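Shared between the two complexes below is subunit A, which has subunit B as its partner in the first and subunit C in the second.
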Partner chain A sequence: MHKGRITELFRGMDRHRALLMFLGAYLFLSLFAPHFFTFYNTTSLLKASSLNGIVAIGFTLIFILGELDLSVGAVVMLCGMLVPGLQPELGWAGGILCALLAGACIGLVNGLLVAKAGISSFIVTLGMMVILEGVMHIYSGGSSMSVASFGLADWLDRPLLPLLPPRVIITFALVGGASLFLQKTPLGRGFFIVGGDPEMAWRAGLNRDRYLILGFVICSVTAALGGALLAASLSSMTGDAVLATRTLMTVLAAVIIGGTPLTGGKGSVVKSYFAVLLLTTVSNGIGCFGLGFEVQMFANGVILAAVVLYEAYVIYRHNLLKGQRPHLLADLEQEQESNSRGSR
Partner chain B sequence: MTKRWVHSWLRFILENGRIYLFVLLLVIMGSFVSSEFLTPANLVNLLKAVALLGIVAAGMAFVTYSGHLADLSVPSIIAFSGIMTVASLPLGLVPALVIGTLSGLVVGAMNGLAVGMLGANPILWTLAVSFFMEGFMRFTWSNDQIYPSTDPGTPGSAFVQLYRLDFGPVPLIVVVMLVLFIAAHFLMKHTRLGVETRLVGSSRPAAKASGINVKKVVFLDFLLAAFAASVTGIFLASMNKLGVFYLGDGYAFEGVTAVVLGGVTLEGGEGNMPGVFGGVLVIGLLTNILNYLGMGSFYQKIVTGSVFILVVWLHHCRPHAGGSSDA
Partner chain C sequence: MTQNRTRQKTVGSSTARLLLGSLLLVAALLAGCPERKTGREEMTREERLRKSRKAARKVQKMVSTDGQPLVAWGTKQDVPPRPEEPQSLPKTEKGHWWNQEYAGWKTEKVNIPESPADGAWGKEIVLIRAGDHPYWTAYMKGFKRVADAFNMDVTIYNSNWNIVLQAQQTEQAINQRPDMIIFAPVDPTSCTLLLREINRAGVPVIASNTLISNEAMKYVISWTGPDDWGQFRMLARRFADAMDKTGGYAIVRHMPGSSCFFARTYGPITTFKDYGPEMELLAMNTANLKSAQTMELVSAWLTKYGQKLDGLILPGDGFSLTGALEAVQSANREDITIVAAGSSETGLQAVKDGEVLGITYQTAEGDGALACFTAAQWLNGKDLPPVRYLPKEVITQQKVDTYLPAQW
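Moving on to the complex of A and B:
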């Protein structure tokens, strides 16, 4: 019985590992890192996690469907670039709207190619990533773009409530909304069924193609929104392709750490967000120690590697225990015990 | 005897026909685009331009063939072996090359251990490795490039000449690529390892049940990919005359592109080396023709991406095959 309780506790810890790891890292760094536990730094930490947090929403959804979208980084950059590019003519609202529309179109193409043409999403989004990088460079001329108006940027970054500038509030709202949508609405629950068991989805009368297309559209739109908000809050967008790869890698790592498997049918947007917070916290804390970007990268790699190895171990254990019936074993033991008692 | 030989060649062309049809198409297009296209000098240049990618693809194909999608740590292996070679040049040319190759193999062994022995997810694990290897290299060499000394007579000058060496009209790097492709073909189709890899790629449980040491096979496949990547890294460092952490950027995705274009399915257990070579040729020809057309590199990206999706679509499009067959 005692052993059972420990296993139960362990499972619970695993279920909330992103949150626990984030809290652990935050606590540790608050105690030891200089200038970490300050009002200002906590705000900047939340702000820094806003881009990856928003992108991770759509990315988690794609993982739940059992697919992969490698083009999110490129979408972030291209759609982010559209905002300062179009702002002089269309204003902020127009620019952001255009960025979202562009994101939706990209997602639609991805979704149609995966669902209707039947090409694997790995291939489609890999090709799309290369195409979008080309488009982005042609649009921006290979350099960064900026506008001189800082009104929206000031509003997005000035805390409305203590600790919480609008950018962070928007991120919270999106993560919460997406989580409610996935957990509580029939449409949202459908994603889990389609990703987990396509045959069951077919039996349940769910149109797999439509879910796939919708999933890719949502993923690209959230990526576009993340990019647009980043561009709006900076009033500029970098043309450096490193942002694309770094976003993709961080989000991918975060989704895995959050406990969403590549195989589909499982996952949680909130946990992905906590994992994004974890990675941002670790990077931020390393910065507080005065160490550079290289150590942040190293740390992120080690965290991801540890989680991947742990997942492998869990699967290995699962396969070992496959076919074993613990309750039957317990029955057997009891029987043996009573037998031995009887013989005595 | 001759008849059988012709027969096997015909079969070979039919089986790998699809990608070579594209090669033929591109060659015809190229000869229309420019009169210089079909000259031996241009064709050798073309081969030289794709040689580095070809070597990477020849190794990566084993990972894909064994059903493990791709080795995304290839860029960091390339960079690491390049840096280590340049750093150990003071010991002499041959020791430097050996150290460079070995350090690439160390990373490969790490991948093989985690993915093969422990069963970690290949994409995620190799991604994590590329993360911390880049961090490690940035930290150790403080974000900087390192240069070999190129004074005449030093190992450094010989090392820099490595990429620029010609055997008659054919550059050394092209010879290396062709030799590696032939060796890889032999390894894949005519040795125990290749056949076992095929079975592991087709069905891991079946391979395990038939007594194949799956862990060892996967380990060796990742080691092969790392070996090819470290050879590329050495030549790339020799070409650029420097070693730096970002040297291999982009080679992972280009390598996957070549392998998949060549008809190795992401599912594993299907494909062959001549096909992969065809995939490499398609990439080379496409770039070459677009260069002749005077297209900027950003437009080239758009074309390459679209062609990639299109070719894979046509390649994997099988009538009456239920559902998507790859990945």
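Moving on to the complex of A and C:
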């Protein structure tokens, strides 16, 4: 009984590991890191997590479908570039809307190529990433783009409530909305079935292709929204492709730390968001200690490696208890049963 | 089924409890936010100023690894009047680039704080650097030497070429409420809002290294760094002289998104318009400062243009130079005139060996030292110019020994 409770406690901790790791890191840094534990810095942490937090929503969905989207970083940059590019003619709303439409179109192309042409999502989105970076440089002429209008940027960053500027509230709303959609609606739950067991999805009458296309569209739209919000909050967008790589890597790490497996069928956008918060908090805290970026990278790498090793151990334990080849055990049982029938 | 639903509910409610509890915990902790204070050396204003002035005299006598003065700056150059609409002019006209080339000279400053004029000695400085590169290692060396001379308490953030990270670090730096922030931007344009944020928080800020946009210049006390346009104009004139102001040339461009992408391309092009109008631009493209990519690019040009290609202008004397030299040597075209932005050990050695006609002298240690020294001067109460360039020079075989050993 006692052992059972401990096991249950460990399982519970594992289920909420991203949140617990984030809280642990936050508490530790609050106690020991200079200048870390202030309202201003906590607000800054939440703001800094908004881009990756929003991108992680769609990326988690793609993972749940058992696919991969390497183009998210490039979508962030290209769609972000459209916002200051179009703002003078169309205003902020028009620019953001165009960015979202562009994101949807990119996702549609990715989804069609994966679902209908049957090409691996890794190859499709890798190609898309390179194309989009080229398009972005052509569009921007190789430079960054900016507008000298800071009204929206000021509004997005000024806290409406303590710790909560609109940029953070939008992120919370999107993460919460996406989580409810995935858990509480039949359409949302369908993503888990399609990603976890395509055969069962087929039997249940779920159209896998439609789910894949929709998943890629949502993934690109969230990336576009992340880019648009970043551009709006900076009143500009950088033309340096480093941002694309960093975004992809951070989100990829966060989704894995959040417990969404690449094999598909399970995952949580809320947990991915907590993992984004964890990575941002660790980077921020290390900065407060005055340590360099190499230490931040190392720490984030250690967290990711620890989670991956833990996952590998869990799978090993699971296989050990279940047996490496359960179908052979079933065959053996069947054989024994038929033998016993024969002897009767 | 019912069991599953009950379990889902239990899991759901435990998640909600955990979330609520966590939020309450964070809120409770934040409610009692302790403000940490830095331990500063207690000293009178006069004593601090006296020590600062003494340190300034000491710094001005320092030399960098290559034997050049550690802290030096060029004189104010003549700024031509701004064209009505620079963007409407063709890119081959100097006027098109006026906003970039003369950024800061005519900018009206906004909300610049008054200097406390109580000395730089023992002050708290935050440096937000753009990223990692051997140039930045040398930059840091120069910066720290000056900071140590003024007994400054320095915190360094490394943005690793990521604007999102730089935005976060900017807020962290403001949160520290230092006496000065020295900001080396990842992006010359996207940094505008970050500098504005520092400015609005009332923290003095000096920008360094990458030339920032005119709009961004409004918010900084001063900008220090290399005159990329100016030094590439000098290099272009030397290049044109060596080519007798005739023949075809190609430009390997810097990384898209950087200010060098334009300065190191259009600096020479607009210079040749007057200085070498007979010279023909055959091709220009970026190789992202990668050696293998540069080799492929230059090899392709050599195949395409053959003997028509007489000269190459390179964006850097590191990987770009090694890639270009490999391509040139493979094609037995050592007759090609090469110039590059410098001044790394590879570049200086190539100049010495006669493989390269000339490289620009850009002191990395001096770049860091000048930023820190300018900050110290402002804290001492000195008026500063809006722009402070590093000294410019083209290093050729005749004077290369003066710049050895290399800084990086």
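One rule holds for everything that comes next: the second predicted complex is superposed on the first by the 322 of 344 C-alpha atoms of A that agree within 3 Å, B and C clash if a C-alpha of one lies under 4 Å from a C-alpha of the other, contacts with A are read in each partner's own complex, and residues count from 1 in each chain.
Just so we're on the same page, a contact is a pair of C-beta atoms (placed from the backbone, for glycine too) under 8 Å apart; a residue touches a chain by one contact, two chains touch by 3 or more.
Quick caveat, the model's predicted, so the values are computed rather than measured.
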First (subunit B), second (subunit C), both or neither touched by A:H137: both
Which of subunit B and subunit C A:L252 touches, first, second, both or neither: first
Partner chain(s) touched by A:M237 [first = subunit B, second = subunit C, both, neither]: second
A:M13 touches, of subunit B and subunit C: first, second, both or neither? neither
Partner chain(s) touched by A:L262 [first = subunit B, second = subunit C, both, neither]: first
Contacts of A:A204 with subunit B and subunit C, given as first, second, both or neither: neither
Touching partner for A:V302 - first (subunit B), second (subunit C), both, neither: first
Touched partner set for A:G292, first subunit B, second subunit C, both or neither: both
Contacts of A:Y26 with subunit B and subunit C, given as first, second, both or neither: second
Subunit A positions touched by subunit B in one structure and by subunit C in the second: 137, 142, 292-294, 297
Contacting residues of subunit B [partner subunit A, same complex]: 69, 114, 118-121, 123-125, 127-136, 138-139, 143, 253, 256-257, 260, 266, 296, 298-302, 304-306, 308-309, 312-313, 316-317, 323-324, 326-327
Residue ranges of subunit A in contact with subunit C within the complex: 12, 15-16, 19, 23, 26-27, 30, 34-35, 37-42, 44-45, 47-48, 51-52, 137, 140, 142-146, 148, 150, 153, 163, 230, 233-243, 246-247, 280, 283-284, 287-288, 290, 292-294, 297
Residue numbers on subunit C that touch subunit A, as the complex places them: 11, 14-15, 18-19, 22, 25-26, 29-30, 33-36, 131-132, 155-165, 167-169, 171-172, 174-176, 186-190, 192-194, 196, 213, 215, 253, 255-258, 261-262, 286
Subunit A - residues contacting subunit B, complex: 113-114, 117-124, 126-131, 133-135, 137-138, 142, 249, 252-253, 256, 262, 292-302, 304-305, 308-309, 311-313, 315-316
